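The data blocks that follow each hold one structure.
Both complexes shown next keep chain A, but they swap its partner, so chain B is in the first and chain C is in the second.
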Partner chain A sequence: MSDHSGISRRSLLVGSGAAGVAGASIGYFGKKSSAVQSMTEVAKIGFYGVHQSGIENTPGLISNFVAFDLIDPTKANLQSVLRLFTDDAARLTQGKPALADGAPELAVNPANLTMTLGVGPSLFTRVPRLPSKPEFFNEIPAFPNDQLDPKWSGSDFIIQFCCDDSLTLSHAVGMIAKDLSTLAQVRWIQTGARSDKPAFSGTTSVRNLMGQVEGSDNPLPGNPIFNSLVWINEGPQWAKDGTILILRRIQMLMDKWEILDRSAQEMVIGRRLDNGAALGNKVENEPVNFEATDTLGLPLISANAHIRLAHGASLSERIYRRPYNYDNGIVDGKRDLGLIFAAFTSNPVTSYLPIQGRLAQSDSLNKWITAIGSSTYLILPGCTENSYIGETLFT
Partner chain B sequence: MSLPKTVEITFATKLMDIGTGIVVLDPSRKNIVSGPFTVSEYSLSAPISDSKILGTYEVTYRVVSEDGHPVEGRFNFYLGQSSAPTASPDRVTEKSGRTWPNIFLPLAVVLALGIAFIFRRYRNIK
Partner chain C sequence: MRSKLFATLALTCLLCGFNLVPVAADMTAMPGAKCSMPGMTVTVAKLTYLCQSKAGVLTWSTGLPVSKVAITLTDGWVKLATTGMSGAFGIVKNNTKNAVTIVGVASARAAAVQTHEMVMKNGAMVMQMKMDGFTIPAGKTLELKPGGNHLMLMGITKPIKAGDYLYLTLTTSTGGQATVRVIGKVFAGGNETYDTSNTTAMKP
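And then the complex of A and B:
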């Protein structure tokens, strides 16, 4: 390990020392026990592809959303960031140490690590001579009731890390922060977690910290509807096959929520808590009948129920949700927890904005949740082994 | 002889606008609620369309009190005279969750006042 230290990460990537040290890395790896190797073989997710990983695949159990700002916002620096990121991510996600990795043992278990990079709208005003961004890609405006804190909002770019192992995750974040340290500084980090069990048997949805089933009626990764809802297919060519991430930090006011009767909690959402079925339905993903009434003739899903307002007015008005829970413990005597709402869409103007517009205005859930952070990023297209993430910005 | 323009129900406890619903059936069993309901601090009100049909009108509602308990109820009033033998103006049926004893008694009393209020308005208009 000592022969890795003291070598500049950047000089390795671009300089002549790369081959020798990469060789040393491989040599080191050859000594691993077979048990460890079989572990690394099963739990990894490919890095290269048309799209970046970390969106279609099953979310890792824990996540870090790490927001960066360029220190000196030049095109060359951005390009260096993207090259360094690509090289690190291509290795770390496959259970290989990064170049000049100071702790290569921490990289050997990829644990389904994904690293996904997106650029913020601010980048296009701060960095000269970048191609123009899609017109549908802008900072999401604050909605009524939002109490947005700059410490959770916006940055030049973001890296979403998802993983099943905290050691691996910590190492990957630390490695990237170190490698980018001369080019970019971390503005904020949001750490999240998901349950390792589905909300109930037979679903891919999980529970949030209010106990609600998260993920009902989500578009299914890989199918044509998902592809058109999520992957960008209009606007400038460089963004094609990317997607737009809406990232909101939503604080839950648990003390007030917990006084509600269970049936009242279900009315707020319009779904049952146990199996996520819409009120009036038997199972989670049945089409919702918004006209259903109870035996007294009253609507089962009220006018301001969350699912009624979140329901798209058209087929294109849908988003792919991939959220994480956060729990920051007790702050100033109050529980500080909520949802890192992460959603992906090919066009927020025709999907997220109308949905959230309705929710912000009338959703009965608003009494128990407050958005305290809001950001949006364009997740760049994927790349091949011979290129790097974001290369399309420079061609 | 005509109906009031709104039905308003007043409760003993403050309300939250969760799961709220109100249906007002005329004697032909047609829902005559004509627009969005309003939940204010203690009351639920809904506009109703004018109906000339004489007979019993049935009001069914669901509200959630500020302490988080849903309550459903039903009562009747009539225009001209009752067309339903079992209907009486102060008859209230409650269907609520596990906590109804906590809320039912005070609510029922005030609800009756609410109905009286409706009737007073109705008589005033008449």
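And then the complex of A and C:
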């Protein structure tokens, strides 16, 4: 369902045939040496398919998570939202202007734009006569150390925009906000970014704002268990081939983090900062040995290390993470930055909740992070050219 | 069979803001319909009648035998409106081997749908009804867009909201019909002034 034409960062990283996969020296912008090349380069991701795009493909460099509430929560209005979203997304992601586009020139560079729509649990209480939602789909309960702010939490629906170009992204967000303006109100927007460079040569992991290598142990698309971990295959038929997005805004307490020396920082996670190798290992991809001890018999990966507690107790207790960094500048003299933690799972009750439960209880990292927003959405299944996203809710 | 009546229409043009002049309408006896505005179409017993202006008088055309015609409209949309008028746009394609002329358009959501064009009058661009319709050569397309040729929904019967689907039935000069879909979209532009001086029937 993805079609990557031309040279893109994606094809380099995913390595579709190209030699020298993911070498830091052939990064995205390095390739775009001339203006001519960037004019002819068309990097786009297909919109139609069994699943919505924006999940399986490599995340775009920048993102907007835009949360909306219906103004008048009726079934007809929800249907209108979904039709308009589908029509706009099918065009804009392919580098075509939306209908009634006020600035069509801003649409011509798709830049791997994806637009992905998910519905929140509140929709099912607010909109009369919708089919019932899967039992496993609810707001994630607040954990003891959370300091959740309503301005970053929950809404009737969300649209995740990911893109490699800020102009394209702004245009797409603006177009959707205008098109939906009579039907829905924007409650909040979270803007995120990811590094354009792999954390080091030979990996697809990138660094987060704490400097850690992120993505080492993440079931990526192509992994044999990816489909069952991510795509819904139980519960009501309308949700089949959708997925559940858990979106948490997690502030990093950088002032405190920077006090720690490197080895302490590495112990908090259980992995090395330079190359992401688990403590005791040499390279990032080696299977983690949680039993390994030092000469004194102490565990190399401490009892409260983030990866020990986050590691799934079973194969099904795993989530697919697709996070973005956020940086909101300096607020009240303090840096306001962190992680837009975005994870996808087919069933949060059996995967996400046990992980988060362990982390909330004793993760070493908790001293240096605070969750300030939390939302859950059911990302609707994909659609064909003759239907629209969410049509399954109305049949 | 013909009874001539004068009906007063007070439609406010949503796009330009001024009231349409009262219309002297020729109410030829057509089952359930009055020929009150040029561009109206009525289909009865497999014959389509067009409301036309002839020598300043509105009259139903003779019935055109209805058939299907391969005209499509893609990228169709209509500007939101609560009452009065609104414009519909898109790309009309003539998929047949002959030129076709769209002479009438009907929608359940409007009293009439007219074919409009933009013309220069007294140094300003204004829209007016294109009395002879839109002709599209064989295999060619016609772009309907704000500031250019467009379809004008007159006398909207129910507010057009964002995301609404509206269906328009296009009728050609030979009675060919095609039903196309447009979607309601927020749009700030397209506030053209409506010039009715060429619509001869619109004299009291």
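We take it that the second predicted complex is superposed on the first by the 351 of 395 C-alpha atoms of A that agree within 3 Å, B and C clash if a C-alpha of one lies under 4 Å from a C-alpha of the other, contacts with A are read in each partner's own complex, and residues count from 1 in each chain.
Here is the rule we use: contacts are C-beta pairs under 8 Å (C-beta built on N, C-alpha and C of every residue); 3 or more make two chains touch, one makes a residue touch a chain.
Treat the numbers as computed from the prediction; the structure is a model and nothing was measured.
Trainee: Per the contact definition in the header, classify A:Arg83: touching chain B only (first), chain C only (second), both, or neither.
Mentor: In the superposed model, A:Arg83 contacts chain C only, not chain B.
Trainee: Quick one: is A:Leu298 in contact with chain B, with chain C, with both, or with neither? Answer first, second, both or neither.
Mentor: So A:Leu298 only meets chain B here.
Trainee: Let me test your reading of the model: by the given contact rule, A:Asp261 touches which partner, first (chain B), second (chain C), both or neither?
Mentor: The answer is first: A:Asp261 touches chain B but not chain C.
Trainee: Which partner chains sit in contact with A:Ile372 here, chain B, chain C, both or neither? Use first/second/both/neither.
Mentor: It touches nothing on chain B or chain C.
Trainee: Could you list, by residue number, the parts of chain B that touch chain A in their complex?
Mentor: Its residues touching chain A are 16-23, 25, 31, 36, 60-62, 64, 67-70, 72, 74, 95, 97-99.
Trainee: Applying the document's contact rule, which stretches of chain C touch chain A when the two form their complex?
Mentor: Listed in rising order, the residues are 75-77, 79-80, 89, 161-165, 183-189.
Trainee: What residues on chain A touch chain C, complex-wise?
Mentor: The touching residues are 77, 79-84, 87, 99-100, 102, 178-183.
Trainee: Considering only the defined contacts, which chain A positions touch chain B in the complex?
Mentor: 259-261, 263-264, 267-268, 294, 296-299, 302-305, 364, 367
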